[in-house]
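What follows is a group of structures, each given as structure tokens.
You will see subunit A twice below: alongside subunit B first, and alongside subunit C after that.
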Partner chain A sequence: MGPWARMLWTLLSGLRGRRGGIQGWAFGLWPPYLPQPRLLSPTELVSHWTRVFEKRGIPEARESSEYIVAHVLGAKTFQSLQPVLWTQPLTPQQLQCVQELCSCRLQRMPVQYILGEWDFQGLSLKMAPPVFIPRPETEELVEWVLEEMAQRPHVMEAQDGPRILEVGCGSGAISLSLLTQLPKSQVIAVDKEEAAISLTCENAQRLQLQDRIWIVPLDVTSEGSWMHLLPWGPMDLVVSNPPYIFHQDIEQLAPEICSYEDPVALDGGEEGMDVITSILTLAPQLLKHSGSIFLEVDPRHPELVSSWLQSQPDLHLNLVAVRRDFCGKPRFLHVQKSGP
Partner chain B sequence: MSTLGLLRGPAALARACLGLWSLRLGEKRTLLSPGGPAAMLQVARKRDYPALLPLDESELEEQFVKGHGPGGQATNKTSNCVVLKHVPSGLVVKCHQTRSVDQNRKLARKILQEKVDVFYNGENSPVCREKREAEKKKQERKKRAKERLEKKKVLKELRESSRNPAVDSTAGSD
Partner chain C sequence: MNRHLYVWLFRHPSLNVHPWCHSYVHSYQFKQLHLKTRLCVLGQNDNYILHYILSNWSRKYCHRDTRMIWKHKTFQKYMEDLTKEYQTLGQSLQEIPVDEADRRDMTQRHAELAPLAAIYQEIQKAEQAVEELESMCKSLNEQEEKQLQELALEERDTIDQKINTLYGELYESLLPKEKYDKNDVILEVTSGRTTGGDICQQFTREIFDMYQNYSCYKHWKFELLNYTPADYGGLHHAAARISGENVYKHLKYEGGIHRVQRIPEVGLSSRMQRIHTGTMSVIVLPQPDEVDVKVDHRDLRIDTFRAKGAGGQHVNTTDSAVRLVHIPTGLVVECQQERSQLKNKEIALRVLRARLYQQIIQKDQCQQQSARKLQVGTRAQSERIRTYNFTQDRVTDHRIAYEVRDIKEFLCGKKCLDQLIQRLLQSANKEAIVELLDENLNLKIQSSVFGRHELKHI
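Let's turn to the complex of A and B:
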């Protein structure tokens, strides 16, 4: 996270903590985007900030203002706000709050970091930069895993089944939604970044799932690191949304991503395959026979993974299925281990 | 415009639709353990309504997140409004109720299924019938509440008049 972004985040965290007693702007740099002197209703406020964002070229102008205003009023989306509230004026404190949050949006901070929370598979998770924000596509990865598990009754009926390893847990989105929807599952979640470890830990506690998840700082790309995971026994599943962006594409990413999210969570190396191949290399050592690996990848990867696996026959892994995301792009891979 | 990928598998969505439908009826969910009927923890007061007309995925056109860009990790968009159209009837549902594209898709299907059923079945649709039932119950509750209030009033007056025996009961309260 760049120095300006870090400063902004610190200010926002401070403001958030003292929400009740904020006096005014100490920062000469903050532009006074004050609405009209009279109190505004949510609808008017959203229109106001939409115009401001549009003028400044902020993407998703309307969505951003809707989420921020809804959040200040205690709702997750604007559409889910009680219609009776749409025309009721906000209090001065609420207006102030909206203004602070919108100022962050003017600095291209992602909405999820501004709100400090986001939803994934119906779970509310804390979000904090620079930990990677879960993407909507990844919800489909979880759905696929659940569908597959439903077809393996022997795994589901086991005392602590399925046993799942997640690589690159970030905020804990994948692990925690699997734990929630597979009541007997156990998860080992690893990440190489301390901030991700802390955030997953915090989210696990918020959801009271800490008893079924082990969160381990680990860099799977470093030689032999997987051996640290052997004590947890053979896994039924390895699941991951690993950094898969091609290195050359990183600088073209939107400022929301470049300035605030950890590049380590995005950069997959020259062909975006570095972490993917590490996972595929370590998986056979940790998976049970016929165990599965589910990955989210770049649309160019299904072919690349297929060729790579063919060049690694000793791994005894087969690409059994490719699934498309809601935009029709090949996004998810199911690789299965054959052999002991 | 991308139609729902047939590769996606409607099974999960159908499962979710039915689950959501039973929640919407507002009745308690049935929790069944493998032990069978004897192990039912809560009984759902199920209505004897026939199921709604099922939606055929091949007749639906779905649209979301225009200009989603490369998608996946390379994109961070929060707009997840789903616009779902039932082509034969022309009915359209727009759903932005939740922060999840997946949830919005399921909700959109549920809402569209109800609309389509009303479109083809009119008054006979379970959707309409249930509305009428709910309205009838509401009126009955109101009526009973009113009656209870009236009874209380009468009792109160009786109690007060018997507490003051000096007052001529035929004179009425003052």
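Let's turn to the complex of A and C:
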């Protein structure tokens, strides 16, 4: 017990020291925004920070303060917080915690990084900068894949289930949600960034899915990279949310994105097609006959991809379907292999 | 008021003590005329008329005297008919050769009636035993036999209780199973807007908490779907999904307007001790299975709060709230319980499906044209069902004239509320039985009138 207790104590006092530091810094910078010394209820605290965020031009002021307060109180959203807690005052420790997290938001840090976790398809995933934060559109990509898989009973009921390759796994959102919903499936997730690889590993372990996923550091844009994936055998499916933003648009992104998220996960080159074409080039070597590729892309891409595929008949790939996202933008592509 | 009641009162002058009956007495002559004409039409069949009258009478009073119905001739007759039918069916199935289709129908009906006949037989046996005991008690007059008499009385009480439970079972098997009883529900509360805003909202919160406690008491799962609080700790609107065993069965009679009477805790009225009246409404929707209600996705408009701009990787928003609009019906459902937009959409769809389901049920019930007081449907949802009078510390259910004395205990959502709900269920069962008998009688009257006409023609 002795050494353990000492270790814990050191850890805790270290934490306290760090917190003190942040607090002092916050005090120095924004004295007028500090809540009054009396204890506030969650509802009052949310409106206080909403006003502060609005004044400082922070986007989604109310949502941000609601998520932060709810998180400190142990709930995912303010709406799902136990109604009894809405009017009960927070403890000084909780107030301070809210204070610290909100000062990060004033620095335009994305709420997902501040909370250190976010939800995707019903899974709670750890989020850490600079790994790309999954967007709600991508949930629809997963839905589409699941719908398509449900229509292929021969793949679903095969002995070793569908084998799926994800290119650019980031936090592992797509791979892990597919693994949860397809209990027999196996996934090979690749990413070229070390941070993404370790975050996917961690999330897989948190969700107890590490036995069915292989996480491989790999850059698909480099020559002959597909050779490294051959040992895992032919795939039923390739799925990806590759970087697809046109290079000239990168500068116009909000500070939340351009100063916190890894540009490698966003910048798709001049026409946003760099990684897309790499995937389409390597996929035929790895896919089974009539295997599929599902991609999330920019609304300008369906036409670009279609004409690019026509210029590459050797790949034996056809764009078979385009699907719109919940905003009505053509966002998802289904490309199928037709040749040998 | 029911015209048959005057006639009945007239025919039983000894019972003519109810204070309000005087005002109606003048009309009995007319009513008797009416009765006579009907008697002429039916001649010897006046027996049925009497039953008819009595059964209508009993509907109004069934909640006052629990034994009324089953002591009733009509009910006895109905049961005897069923037993007879059961016996004849049994015989003919054994003896007379019939073709396959008929045989199947007969076997099915026979199987339906079997449990009824068994229970009824048991009841009759028990009643016979009671009679014997009673006659025995009468003959035991001597002083020394007093002990024996007490024993006999005790015995009779136990048999009486048994008869009670048997009748409960009989009702259960007589009545058609209510379709949605087993379903989970979505419970919505909304505070009234008319008078005394503050007390309405406070009251809405108390009622919502009461149902949450009741779910806990019943070991049901209570999931919050939506919660819009008002200032000063009140509640504008809230919705929850409650799942568990027979949830809809227990909560279906909770839907309607709940009224509150109390002195506000703050403000002028509080100082003046002025009583305010407010309302809130409860809606109980049975939660359908996926197969019960199909929602076509083309009929849906899904509003999310990030519809502008490039979308995708270009933006990072955290607002995951979803609003669903069902275009054909104009129904709107919102959800922001989850961080995942997709999950919010799923929840909203579930709520929407429950609302659409409710509309289907209402249509069903409107077609039935039931005269029952306890009914679930459009009427009941907008009807004042219960008053919570805080100044008199009393809860009154207007449908069954039931009163509870301790409001605080009642709002805890435990035993008190459960007792009231059990009472409501019993009353509903009785009303349903009366309706069943009524229908049966109407059929008989019609067929007998028809039969006589035919005879005349011949």
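We adopt the following convention: the second predicted complex is superposed on the first by the 308 of 340 C-alpha atoms of A that agree within 3 Å, B and C clash if a C-alpha of one lies under 4 Å from a C-alpha of the other, contacts with A are read in each partner's own complex, and residues count from 1 in each chain.
Here, contacts are C-beta pairs under 8 Å (C-beta built on N, C-alpha and C of every residue); 3 or more make two chains touch, one makes a residue touch a chain.
Just so it is clear, the model here is predicted, and its values are computed rather than measured.
Have a look at subunit B and subunit C on subunit A after the superposition and call it: clash or fit.
The answer is clash.
When the two structures are overlaid on chain A, which partner does A:136 contact: first (subunit B), second (subunit C), both, or neither?
both
Based on the superposed arrangement, let me know which partner A:184 touches: subunit B (first), subunit C (second), both, or neither?
The answer is neither, since A:184 touches no partner chain.
Of the partners subunit B and subunit C, which touch A:43 in the superposed model: first, second, both, neither?
Touch partner of A:43: subunit C, not subunit B.
Thinking of the overlay built on chain A, is A:323 touched by subunit B (first), by subunit C (second), by both, or by neither?
In the superposed model, A:323 contacts subunit B only, not subunit C.
What is the contact status of A:147 with respect to subunit B (first) and subunit C (second): first, second, both, or neither?
In the superposition, A:147 contacts subunit B only.
Which partner does A:83 contact after superposing on A: first (subunit B), second (subunit C), both, neither?
second
Among the options 56-64, 200-208, 290-298 or 434-442, identify the stretch of subunit C whose C-alpha atoms clash with subunit B after superposing on A.
290-298
Taking the two structures together, which residues of subunit A meet both subunit B and subunit C?
Shared contact residues on subunit A (touching subunit B in one complex, subunit C in the other): 60, 63-64, 67, 76-77, 79-80, 110-112, 118-122, 132-133, 135-137, 139-140, 143, 241, 243-245, 249, 253-254, 256-257, 261, 265-266, 296, 298, 325-327, 329, 331.
Going by the contact rule at the top, pick out the subunit A residues touching subunit B in the complex.
These residues of subunit A touch subunit B: 60, 63-64, 67, 76-80, 110-112, 118-122, 132-133, 135-137, 139-140, 143, 146-147, 241, 243-245, 249, 253-254, 256-257, 261, 265-266, 296, 298, 323-329, 331.
Which residues of subunit A touch subunit C in the complex?
It comes out as residues 43, 59-60, 63-64, 67, 76-77, 79-80, 83, 86-87, 110-112, 118-122, 132-133, 135-137, 139-140, 143, 241, 243-245, 249, 253-254, 256-257, 261, 265-266, 296, 298-299, 325-327, 329, 331.
Given the complex with subunit A, which residues does subunit C contribute to the contact?
Residue positions touching the partner: 205, 224, 226-227, 229, 233, 235, 238, 302, 304, 306-307, 310-320, 336-343.
Which of the residues in subunit B end up touching subunit A in this complex?
Answer in residue numbers: 2, 5, 7-9, 11-12, 64-65, 68, 70-80, 95-103, 105.
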